[in-house]
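The structure under discussion is supplied below as structure tokens; questions concerning it will follow.
Letters A, B, C and D mark the chains in the order given here, with residues in each chain numbered from 1 onward.
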Amino acid sequence: MAKLGFVGLGVMGSRMVNRLLNAGHTVTGYNRTRSKAQWLLDAGMHWGETPRAVAEVADVVFSMVTDTTALRAVIAGPDGLVAGLGPGKIYVDMSTVSPGESRELAARVAAKGAHMLDAPVSGSVSTLEQGKLSIMVGGDRTVFETIKPILEDIGPKVNHVGGNGQAVSMKIATNVSVAVQMLAFSEGVLLAEKSGIPRKTAVEVLLNSVIASPMLSYRGPFVLEMPGEAWFNAHMMQKDLLLALEMGRQLGVPLPATAVTNEVLTAARAMRLGDQDFAVVVEVLARLSGLNK
Amino acid sequence: MAKLGFVGLGVMGSRMVNRLLNAGHTVTGYNRTRSKAQWLLDAGMHWGETPRAVAEVADVVFSMVTDTTALRAVIAGPDGLVAGLGPGKIYVDMSTVSPGESRELAARVAAKGAHMLDAPVSGSVSTLEQGKLSIMVGGDRTVFETIKPILEDIGPKVNHVGGNGQAVSMKIATNVSVAVQMLAFSEGVLLAEKSGIPRKTAVEVLLNSVIASPMLSYRGPFVLEMPGEAWFNAHMMQKDLLLALEMGRQLGVPLPATAVTNEVLTAARAMRLGDQDFAVVVEVLARLSGLNK
Amino acid sequence: MAKLGFVGLGVMGSRMVNRLLNAGHTVTGYNRTRSKAQWLLDAGMHWGETPRAVAEVADVVFSMVTDTTALRAVIAGPDGLVAGLGPGKIYVDMSTVSPGESRELAARVAAKGAHMLDAPVSGSVSTLEQGKLSIMVGGDRTVFETIKPILEDIGPKVNHVGGNGQAVSMKIATNVSVAVQMLAFSEGVLLAEKSGIPRKTAVEVLLNSVIASPMLSYRGPFVLEMPGEAWFNAHMMQKDLLLALEMGRQLGVPLPATAVTNEVLTAARAMRLGDQDFAVVVEVLARLSGLNK
Amino acid sequence: MAKLGFVGLGVMGSRMVNRLLNAGHTVTGYNRTRSKAQWLLDAGMHWGETPRAVAEVADVVFSMVTDTTALRAVIAGPDGLVAGLGPGKIYVDMSTVSPGESRELAARVAAKGAHMLDAPVSGSVSTLEQGKLSIMVGGDRTVFETIKPILEDIGPKVNHVGGNGQAVSMKIATNVSVAVQMLAFSEGVLLAEKSGIPRKTAVEVLLNSVIASPMLSYRGPFVLEMPGEAWFNAHMMQKDLLLALEMGRQLGVPLPATAVTNEVLTAARAMRLGDQDFAVVVEVLARLSGLNK
């Protein structure tokens, strides 16, 4: 069995490592704050002192961080992940960064004789814990086939969608709908509520209708009660929409629904609701409707 | 078994009558153009010369027409449906009209000693033919319970959502998401396509993700090839969005995503694409992206 | 000198009559509430008991009311303005109503042998009092030339823009910019303010720049302090935008900036700011930016 | 009289230098392509081999380039402008870049013992040639007073608006209105045109109304005939809107009108109209309205 490395043990990364360990893999992990990884060390994960050290001991090394800045922090420099790569190694980045950035990184990895795949996920912590995560993969298909079984241990749904950077493109294209669907759902809920229909009834009816995507099925009820901890907060969602808007400008695709939704997320953040799950767009609309405070 | 009446035998209405006949009901029908109803007469439907005549012979009478103007045409006047109603009769309007209009009509029906329910459907011809239609019902719950089995013969999913007019409110609140989801999906598809991912692949990936609502599952593929005949064309969809926007203004609910989508539908119609399924918003976006002509 | 009639002596209408009296005209006026017209009666205006009575004694009769509903109330019925018209008389409606409605009314007037012009104004009470009002006129050019001197006594700027209904079309097209310019100005003011520039300085700089339309020159300072009484409140402005959006749909012109501004006005009204001057859009944006309450 | 330096002799910069020469100043200039500056050399301008060389011989040095990337190219490195600065010198950047970038640059300049001002202009080539340019200045007020007479030779309207970076903030806040006003104007023009009013008449009426800002007065007629050469093309305008949207996100100001206008500019560029004056938004709308091709 291949020796695995994993850099970035946050909310998503740590649970992925846990699934890999449960599947019988040997994993060496690295996180900026070691203490957060104690439960994984207790479960058998090895520790690497730097991203480079992790890459050096692994055949296949993963990274999962929050954004482009965080990615640069773990891959670059003498202690960075890329420095630990060499011929034949495979590097899988599961973060959501800009497709251009991902392609540039793939070129640097290739220059070391290694292979890179971009493998962002569709779904949140809850999807991951239920073992229902979907992984899109960009990069060389043969390389993909080599490590597909490992990705399925995280997944289980794994699909090759194209060349380097194209999986993150698809991820961003997906998240456009995730955000916009939540806003449209909120508009419908408030229309119903102000028509005299209890919000709870409105949510039930909407989630029994043709618009009930899996995303809305789990996140729609948040308009009744926001979760204690955000699954994906407004800051994070805006980060993804900005990647989409940036792509739209560069590629020449006007994105009217995305642009409008993005401004509602700006409002959410300005109203100090940015740490809440992005379903909080319903609260922005409610205030604009003269409800709540 | 109750004697049923049905006014409005268009694409949806005729198929509903067919299901009622198949379930063993006696149905008297009326349509402005009789010839279109021949196949139902052949299948055993009786003919009523006027909406009033249909209402007079039926215990429960249904109407299913395209908009407020068409509804007024069949209910009002000496030959109208309301004139044929009397104590104890039940009138079920399945059209999508404004909630206010529906409530006013319910009051006129009540003044005749009869009962009215608004019962718009969620789903299209294809959903209906597959026997998967969902019906939302507004009005008195006891009256609803009385005729629930009949509605289930059309349905099969039937839910009481509130008082008079509240089912059409929910229908409109649902269609907000139907239209906006299609626009957001199109934005994602074009982002992917201009990133170099074949449109077909993009659709597959998106429809395997958390955003795949039942509506998108059947309508999403239209961005690859528009159907020969529209399931619900851009004109019709804009009619529903206008009802939503009108509600939003009266009730005080800003609807940013709906408003933007509505303008894209205006563009579709101005570009002479209004007779196509409203999935044609993808074509509007494509032209704005410099694709197609 | 021609005998004049004037129906609708509100904020705008009464001041127009005052200017006509000052210019030496004989004016017979009507208003729903007579007491509000006392100052004009004191200044020499004659009183008509009904809109019809006013039309009967006048050669040229004007109306100036708030919307379509109010217009119908004064023109229709046995006591209505149209009933008092006859061959050779000229009727000038200065209200802002839908172009279609205006054209229909012109046809009814023509059927009585009289002539109608639509003559909406660009400007507010303050413009009117300063004698800087601009009047756009639709209808027959010869008829227009006949009464042009009278309109100039109200105006002074008077322009013939086209056939019946086309002046109200131009008025609505103008108000699109009035509303949208105010929103864009507010966006700029808040960007500056959150950059650390005092709002007062921002307003000064903006009003010294290329964007300073006459409208912004007098209304821009409202973002510093709203006027005690609205010059044109959010309800009224939304009424005009709805006319524009309705025209856009019927004629096939997508209006993205108008649609977005209209939703902000809906928010203003839902937040109980609808009675304030429509410059209150700045307050909606400020709350969305986490400022004020 | 102070010795002046000028880096960046493009469309705007070269005409500024010309005005300074005409006012009797000694100017040393630098441009990436020397040949474009020949007419200024003929008019008496001295040549500097590098931005650094220009800064070394000047007491007050100006820069005027198209964007952040171009600015970095002239200020940084051993041959860059900053390397030529020293105690007591004054550096005035007239480019439109992000306020944050401008402040960072001011700090670097201060570290050399020199002073920086940001001094973006409001107006275009035509405004400049007519001697009607307005200059906003950010930075230390005393430094500003020192060079105010020189700026007036370019201007003539010169205003101190705040600390470092705040003039570019105001410039960006102004350009929000410039872009949005043009879109709203276009919406009105097309509404009028589809109402049957000749576009020429519509433009005349609108430019005689309260919405006629100086910007619309000169750019509005472009909807009748686009200029042979863009005064400020769609690419450039989108660059400025992106700075605004970026500020909005960072500072927490939702910008609905700006966001929508920005997407129309994306469409213009995707439709290969990006090199035309940004008034070309009217053409995007016209195509969406089924007009033109």
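As a working rule, a contact is a pair of C-beta atoms (placed from the backbone, for glycine too) under 8 Å apart; a residue touches a chain by one contact, two chains touch by 3 or more.
The shown structure was predicted, so the numbers you read here are calculated from the model rather than taken from an experiment.
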| item | value |
| --- | --- |
| If a chain touches chain A and chain D alike, it appears here | B, C |
| Type of chain A:chain C copy interface by residue overlap (half), same or different | same |
| Most distant chain from chain D by Cα centroid | B |
| Pair sharing more residue contacts (C-beta pairs) when C-D is set against B-C | C-D |
| Chain C-chain D separation of Cα centroids, rounded to whole Å | 37 |
| Where chain A and chain C are represented by their mean Cα positions, the distance between them in whole Å | 52 |
| Approximate Å spacing (C-alpha centroids) for the pair chain B, chain C | 39 |
| For chain B, residues contacting two or more additional chains | 248, 252-256, 260, 263-264, 267, 270, 288-290 |
| Partner chain C, residues of chain B touching it in the complex | 238, 242, 248-249, 252-256, 259-260, 262-264, 266-267, 269-270 |
| Residues of chain D that touch chain B when the two form their complex | 256, 260, 267, 270-272, 284, 287-290, 293 |
| Contact footprint of chain C on chain D as seen in their complex | 99, 122-123, 127, 134, 136, 157, 159, 161-163, 165-166, 169-170, 172-174, 176-178, 180-181, 183-185, 187-192, 194-197, 201-202, 205-206, 208-216, 244, 247-248, 251-258, 260-261, 263-264, 285, 288-290 |
